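Please find the structures below.
The two complexes that follow have chain A in common; it is paired with chain B in the first and with chain C in the second.
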Partner chain A sequence: MPALDVILNALISGVLLGGMLALTALGLSIILGVLRLVNLAHGEFLVAGAYAGLFLLQWTGIDPLAGLALIGLVLALIGYPIHRFLLVPLAGKGPEASMMTMFGLSIILQNLFVLLFSADTRAIDRSYANVPLEFGPISVPQIFVMGFVISVVLIVAVHLLIARSRFGRDLRASADQPQAAAIIGINVSRVHAFTFCLGAACAGIGGTLIGIALSFTPTSGASYLLTDFAVIVLGGLGNVLGTLVGGIVLGVLQSIGGLTLGDGYRDLVGLVLFLAMLSVRPQGFLGHRA
Partner chain B sequence: MTTTSLHEWLSKRAPLARRLVPIALLSLAAAFATAPARAADEIIIGASIPLSGPLAGFGSFQKWGYRRAVDEVNKAGGIAIGGKKTPVRLVLRDDKTDPNATAANTESLLSRDKAVALLGSCTPALVNAGALVAERKKIPLVTACNPLEAFKSVRKWTYVWDLFFHEPELAALPFKALRDLKLETNKKVAIFHDNGPDGQVVGGTLWPNMAKDAGYDVVQNASFPIDNTQFTSIVAEAKAKGADIVLIDAITPQAVSIRKQIASAGYKPKLLVIEKGAEPVQFAGALGKLADGVVVGGYWDPSFPYPGARQLATAFESETKLTSSQHIADSYAAAQILLDAIATAGSLDPEKINTAISSTDKTYVVGPIKFDENHTAKLPLVMLQWQSGKTPIVWPADRANGKILFPVP
Partner chain C sequence: MTVLTSQNTPQRAISIRSPTIRIVIACTAFAVLLAAPIVLPAYFVEIGFKLLIYIVLAEAWNLLAGYGGLVSLGTSSFFGLGAYVTVGLINHAGAGPLQALAASALAGIAVAIVMSRGLFRLRGLYFTVGTLALAEALRLFVINVPWFGGATGLFVTVDLPEIAALFRYATLLLALAALVMALATGSRFSVLLRAVRDDEDAAGQVGVRAFRIKLAAFIVASALIASAGGLQAIKLGAIEPYGSFGLQWSVDPLAIVIIGGLGMRFGAIVGAVLFVAIGELLADYPELHVAITGVTLILLIRFAPRGICGLAEAALRRRGAAPREARP
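For the complex of A and B:
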């Protein structure tokens, strides 16, 4: 039985890491909720965000955390032509066509990363990512705390955007009844384009945090995609605040799994939860879309 | 279409069909006739290596080493086959760090590219996947980058040859260095290793046994899947148990993540050994100053007293503008051994090439190479340590060109 401080550290780390996982899943969640698109290139958007943070630092000296808005904007600008030229032409051709297109794009992006940046393992080297925050016997990675705060702020901001703003009203209408929304004058295609760009931006910001806290390669996206599916199923498909809840629950349970079974079983815990949730409560903890 | 009209249609087109048949047959005959002619015009050597995926850092060095050996032979006019100097062509395929792709690539190298001999990939999972295909097809394959016990454990090899380090020697390095350099610790050891073949051998068996024999106390031994990303629990446990010595066997992405998580947990072991993943330059590139003090076993350094060692590193660094790696040396030597064997055989017959490999007895850039009955040649080891982006040798004393940073900064 591990010591009490080890258990406490693991649980707190789980909450913090879960918050970061929620941010990596947020883009996937809102694109799925509004566009009904399973974005299989989401992992590559994360990796693109990590590269963007790395090169922002290397080329300009700007700290990636200070440049998160810029990174989000870059990813949104990358996302727009992808939506316009790859997804819009497939409207009305069923969900499979879009899904397979994004699968193809994920493979193209992986190869493009190798071609442009080599297949080397990278990490964004920041001194604040390598120190702990200590409160008595409790010691957690400082970057986890910073990542958690950024995640919560961003997730709440996206929630408020969707729940309170005029655009959010259009977005919810487009998600629930796209044809009815179009009839009452909502520009559904523009809402979809903006949502896709927002999803890409969130993924990019999440990827930058991963790059600072951990490491990444051109093919790292696939493993995060799996974890992100578990997060959004736990929280409720398309539910923004549910994504945060799902991330934290997954983070804590993975930490308990890591503590009791070993870190090698973290992903197993996540996938078992994913399957259990799908069979017991497929709508997730929060149960409805935002 | 009725029966009559079908008959008419066939009758009208029959002359055309009759004219096409001989053309098709001639084309087929020409295709078969030209295949041996192509093979005689060049000697094709194939290799499936990881040019993408987590092990791409190794693959890029292998590519350079293999190519350099082939280029040197071609500059000298090629290899005499049947009395005629024949150029060598190296065909490389990317296995994407996937053993299934290595096996498929090896099949393609033999059936489609018509390779007469092969060079290996990197790490046991990949090398062994390709080696088993070569063995089945009775085509000689020379490899490095595959620890010898992991290689020998697969089967009794006939056509595959391996030059690399011996895991028991690698596993013993930290304990010998601790003893010889008189490094003071609390003798508590934590071991983290992946569950790949070599991770299991080194981290699961050898390190615990050797630690016990050397009087150390293994307070933790944790294994994890090769692609694991989170290590907070095992790091927290090692910290709580106060291990001064941490021994890790993991590939580079995981090695980088573990090192960051050790630091961000505020854990400061005195000796930090990371085998496998800390070898490539990208490890230090990703971690910056955090790489300083990390120790890794090494089987080659440009300072080694073997012919061409210094020149090889200089050539690599001037061509690529990158810091050299030991992997350029073993891949270069493996290719040289294979090319020498083809020259000795004077033939493209796989059996003759294989016999020539078995007779190898020469000093290459990695040292003297002579294969034993298990088809292995052992490369002696030293201990390297990352210090400001370089890896000086810090043990043994007779080869050291740097002083160990202890404890880890």
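For the complex of A and C:
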């Protein structure tokens, strides 16, 4: 049994990391909820965000945290043509066609990353990634706290956008009944395009945060894709705040798994939980709200 | 799989109607394959082995996705499972290759049955994600649990059969796969399977037991994939989690079937030949090869959802139809 402060530290970093995971999962969740698309290239969007942060720092010296909005914009700009030229032409051809197209894109991007940026493990090197923040016995890296706060703010912002704004009303209508929404004059394809860009931006910003807090490789995407699915399934699809809860629950469980079984088991805990959850309660802990 | 395969039943691109002729052609082909290692240079036997393994995997994937609508990204879970069971039995139980391969097929069936309850609750897209998670979970399990040699993997400790013998095993496996596919796609079962694929609820209402039908297809495919994994492990002589459970084993069969033709009887063979040929041409640039595979997938899904076989069939039909239209 490890000492109490070790346990406490692990739990708190689990919560903080879980918040960041929730932000990346949100990108996957809104695209799945509104476009009915399993974005198998989601993990690559996340890694692209991490590279964007890395190169922003290297080339311009702008701190990636200050440039988060810029990174989100870049990812949204990358997302737009992907939606316009790869996904829109497949409308009406069934969900598998789009999913496999995104899968094709994912393997292209993964190998482009390797070719362009080499297969090295990278980390965005900032002082606040290593300097710990201490409250008595608890000490966590500053970036965990900063990343958590940024993630929670963005998740709440997206929640308000969807729940309160005019655009959010259109979005919910398009997600529920695309045809009915189109009939009453909602520009469903514009909503879809915007949602896709928003999802890509969330993934990219989350990817930058994770790139500072942890490290990444060109092929990290696949495991984040699965982790994010676990988060969505825990929190319930289409439930924005549920995603935050799901992320934190998963982060804590991963920490407990890593602490009790060994660090290699972190991801395994998430996946087993995900598979178990899918077969027992696919609508998530918090019930169903599409 | 509504849209990618919706053009009613998969038609045969080359229709040789008489069953006797078909059986004779198939038997001759397998006899030639069995004899091939005697005359072929070693390089071609190697390539041939790879091709045979890929055809088996692609046939299994086509059965699931093309005929059953179960788009799986978990081929690697059964492939890796077969590899580990085979090497384990050869090393520790003194099993011969054929016994070990049969056992790995049984292990594949067992895991398919155990996982089916959870996976088949997931319709469509969620099934795909579930299979992807299964593959990743198995890989992490094998890396972390100490019995399997961790990330280093395991070595086969006995003498390995030479490549010519392995080529013959692969031929036998393919013959088995072809037989199973002929039975599964040319019988009442295939009608039930496609009914479940096209509308599971409607099929259920007219009395088709969807779960059993899907499970049967899943079991057959898993057994074939696990045996192929075992055979590949015997050939390599050493296995490790990243190789045996690698995503590539899930991607390649999918790519092959999409290239050849999803739900098309000859899709797996045509696709595998092209895929292996492209792979050999680009052998020095593996990243480029995978990226080109991705581009090919995107283009084919968009412009030729039924793959090369679908294109060929459409061309044949046009040629056949043109003279008739000319008549008044």
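Rule of thumb we're sticking to: the second predicted complex is superposed on the first by the 287 of 290 C-alpha atoms of A that agree within 3 Å, B and C clash if a C-alpha of one lies under 4 Å from a C-alpha of the other, contacts with A are read in each partner's own complex, and residues count from 1 in each chain.
Methods note: a residue touches a chain if its C-beta (ideal position, glycine included) is under 8 Å from a C-beta of that chain, and two chains touch if they have at least 3 such contacts.
Only a predicted model underlies this, so the values are computations on that prediction, with no experimental measurement involved.
Peer 1: For A:E134 in the superposed arrangement: first (chain B), second (chain C), both or neither?
Peer 2: After superposition on chain A, A:E134 lies in contact with chain B alone.
Peer 1: In the overlay, answer first, second, both or neither for which of chain B and chain C A:A76 touches.
Peer 2: Touch status of A:A76: no partner.
Peer 1: Looking at A:I107, would you say it contacts chain B, chain C, both, or neither? Reply first, second, both or neither.
Peer 2: So A:I107 only meets chain C here.
Peer 1: For A:L278 in the superposed arrangement: first (chain B), second (chain C), both or neither?
Peer 2: second
Peer 1: Should A:K93 be classified as contacting the first partner (chain B), the second (chain C), both, or neither?
Peer 2: In the superposition, A:K93 touches chain C alone.
Peer 1: Please work out whether A:M146 is in contact with chain B alone, chain C alone, both, or neither, and reply first, second, both or neither.
Peer 2: Touch partners of A:M146: none, neither chain B nor chain C.
Peer 1: If we overlay the two complexes on their shared chain A, which of chain B and chain C does A:A50 touch? Say first, second, both or neither.
Peer 2: Once the two structures are laid over each other on A, A:A50 reaches no partner at all.
Peer 1: Go through the superposed model and pick first if A:S223 touches only chain B, second if only chain C, both, or neither.
Peer 2: both
Peer 1: Of the partners chain B and chain C, which touch A:D267 in the superposed model: first, second, both, neither?
Peer 2: Touch status of A:D267: both partners.
Peer 1: For chain A, which residues belong to both interfaces, chain B and chain C?
Peer 2: Residues 110-111, 114, 223, 262, 264, 267, which sit in both footprints.
Peer 1: Report the residues of chain B in contact with chain A in the complex, numbered from low to high.
Peer 2: Those in contact with chain A are residues 51-54, 56-57, 59-60, 195, 222-225, 227-234, 236-237, 240, 252-254, 256-257, 260-261, 263-266, 280, 282-283, 285-290.
Peer 1: In the complex, go through chain A and note every residue touching chain C.
Peer 2: Interface residues on the chain A side: 38, 86, 89-90, 92-97, 99-101, 103-108, 110-112, 114-115, 222-223, 225-226, 229-230, 261-262, 264-265, 267-268, 271-272, 274-276, 278-279, 282.
Peer 1: For a test of understanding, state which residues of chain A touch chain B in their complex under the given definition.
Peer 2: It is residues 2-3, 5-6, 9-10, 13, 17, 110-111, 114, 118-123, 125, 129-132, 134, 139, 141-144, 213-220, 223, 254-255, 258-259, 262-264, 266-267 of chain A that touch chain B.
Peer 1: Can you tell me which positions in chain C touch chain A when the two form their complex?
Peer 2: Where chain C meets chain A, its residues are 1-4, 6, 71, 73, 117-119, 121-122, 124-126, 128-130, 132-134, 136-137, 140-141, 143-144, 247, 251, 254, 258, 287-288, 290-291, 293-298, 301-302, 305.
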